[in-house]
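First the structure, in the form of structure tokens, and then the observations on it.
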Amino acid sequence: MEIIEQIRIIEALLFASDRPLSSIALAEGLPEGADVDHLLRDVQQQYHGRGVNLVEVAGKWMFQTAPDLAFLLRKEVAQERRLSRAAVETLAVISYHQPVTRTEVEEVRGVSLSKGILDTLMAADWVRPMGRRRTPGRPVTYGTTDHFLVHFGLDSIRDLPGLAELKAAGFLENVNTSRLNLLNDEKPTEEQPELPTYQPDIRE
Amino acid sequence: MTDEDTGQQSAFEDLSVKSPEDDRGLIVDIEGFEGPLDVLLMLARSQKVDLKQISILELVEQFLEFVADVKVQKLEKAADYLVMAAWLAYLKSRLLLPEENIEDEFSAEEMAARLTYRLQRLNAIREAAATLMARNQLGRDVFARGRPEPVIVTRTASYDVSFYELLRAYADHKTRSAIADIRIHKREVYTLDQALERLQELIGTIPDWTDLFRFMPESVMGEEMTRSVKASLFTASLEMTRKGEVEIIQKQPFGPVFIRKRDRKD
Amino acid sequence: MEIIEQIRIIEALLFASDRPLSSIALAEGLPEGADVDHLLRDVQQQYHGRGVNLVEVAGKWMFQTAPDLAFLLRKEVAQERRLSRAAVETLAVISYHQPVTRTEVEEVRGVSLSKGILDTLMAADWVRPMGRRRTPGRPVTYGTTDHFLVHFGLDSIRDLPGLAELKAAGFLENVNTSRLNLLNDEKPTEEQPELPTYQPDIRE
């Protein structure tokens, strides 16, 4: 099969889908031995600068409208519900610190987390429980979902904006819940974060 | 004063105008803040210096003034502020007084550095949150195919059952039904009562030793029934011997059992 | 606005829309005086021969997978599925007792037959209705198909091993043969399967 034909197939498969497809899924529609990644780069190149672009999100591929045309399209959809500042900030703490426990989120934000916030973020399918921290009490840790990556156009959590700066400034070090609670001082005990179950930990 | 509808940046600007520094005596509401740390960050930023260079002493003063002016509406919320105020006052005293060597405790500078760190971290995560939310969001700024053409999957089932499995199933079925269907057929039996009745009825008519099994009814048919009659007759003869009604004798092992009526007069 | 920009807008609008758009609707997103029809012809030309085409349907426009690639969107998945134990047993009972009515299968198995099982066996082309029993209610009788014989490598239904052979082959290890004999419905003669598939049911 000629390359041009293989490109047509990839184009058709991706265009027909409203969610990202993995290169493995795409390969199923192609002859054996087809260089899917190379073909994807070709298609991406061909659509570069057009009204529709091929983007890589959450390790998968999808066509979406060009970002600079947002002004034109935005009116077409119902106004999305605005997240509260608390929810946005919680989402940020979870995405940058993941896997992170509820207590740690509260520690970073300096305020207790009302129940509704995590619910909202999980209902939006942006946040999910990831496992349990191997510390006393085995608290549940939270992290972001693939849907979060797709929604914000990220290929992986390594691509979070400003991640490198936050890390360099030492703000993503293990959250120590005793840093401010000096009234009953405790030596900071470093918690070993649990290995994330599905997504790579953005921390070292 | 809610911060939900304004950006976080503008929320801070609004609040700092009402900070005690600018409007002394103005009654401040804590409803718009997300706890003492939020207030501290706002106050630190009002120092209009890099967060790394904030004056902790000045920050303590600002916070204590803020708390003094706060119009407290909810006690449980105020408690957080009072705890923070107490801690800051403690920190201030530690910073001002010569450092003593207290074991297992952080130095005042360390405590101050940690507070600064937390404020910087919160500030940084807020900026990151703002950057994140400013990204092109799917369904808000960029759009997926509005009219996806779903892949129609027709599943043709092909079942894989081997001949072995077929036979196994039949055999298992047979095995199960064999076990399930065991029926104990009602056995035709000659009861002990019947045997006693027959022996008692006939023994008087027999003069001398007689083979026990000659008392078997003529009508007995079949091996099972024969065995049942023999067993019952034998048991009956033992019972009657016990009662002293008859005598029995067997001359050799497996030999015939003889029976005769016992003469009471003996 | 340049033509290329207008084409991008048309592309994005059509891509993101959940229904075909008229040229009037498209014109709303374009600068006044834009020659929408001409632009649409341009876009159509650009997508000609690609994996996705711009088509006009009832005076409106939409992107659609190229007709020759429509096969990509119709997947035939041949699923190797496991037959449930109940289904295998029912198949066995039918093959040994055919022609057999549903009620008889239930009697032999001692459980009622869920509707799905016969359907599954018929969908797999192993079992078929054979006729009607000439008894009150004229119930349908079932038997096995040629496909059944082919699948199990049998020349005829007579080749199914009888109970004695099953026992000899070790299939009935745990069963006392005398117990089998106790079964009212297991007279040895009945263990011989009935005559082949094609014969009409002649039992009264």
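When the chains are written out, they are named A, B and C in that same order, and each has its own residue count from 1.
In this section, a contact is a pair of C-beta atoms (placed from the backbone, for glycine too) under 8 Å apart; a residue touches a chain by one contact, two chains touch by 3 or more.
Fair warning: this is a prediction, and the values are worked out from it, not measured in the lab.
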Please flag the chain sitting at the greatest distance from subunit B, going by CA centroids. C
Argmin over chains of |mean CA - global mean CA| returns B
Between subunit B and subunit C, what is the separation of their C-alpha centroids in Å? 38
Suppose each chain is reduced to the average of its Cα coordinates; what separation in Å results between subunit A and subunit C? 39
Please tell me the distance, in whole Å, between the geometric centres of subunit A and subunit B computed from their C-alpha atoms. 31
Residues of subunit A that touch two or more other chains sit at 15-16, 63, 65-66, 73
Shared-contact residues (touching 2 or more other chains) in subunit B: 143-146, 149-151
Could you list, by residue number, the parts of subunit C that touch subunit A in their complex? 7-13, 15-17, 29, 49-52, 63, 65-66, 69, 72-73
In their complex, what parts of subunit B are in touch with subunit C? 143-147, 149-161, 163, 165-175, 177-183
Note which residues of subunit A are touching subunit B in the complex, please. 15-19, 62-67, 70, 73-74, 77, 80, 82-86, 88-89, 91-93, 95-96, 108-112, 150-153, 160-163, 165-166, 169-171, 179-180, 182-183, 185, 187
Quick check on the complex: what are the subunit B residues that touch subunit A? 3-5, 8, 11, 34-38, 40, 83, 86-87, 90-91, 104-106, 111, 114-115, 117-118, 120-122, 124-129, 131-133, 135-146, 148-151
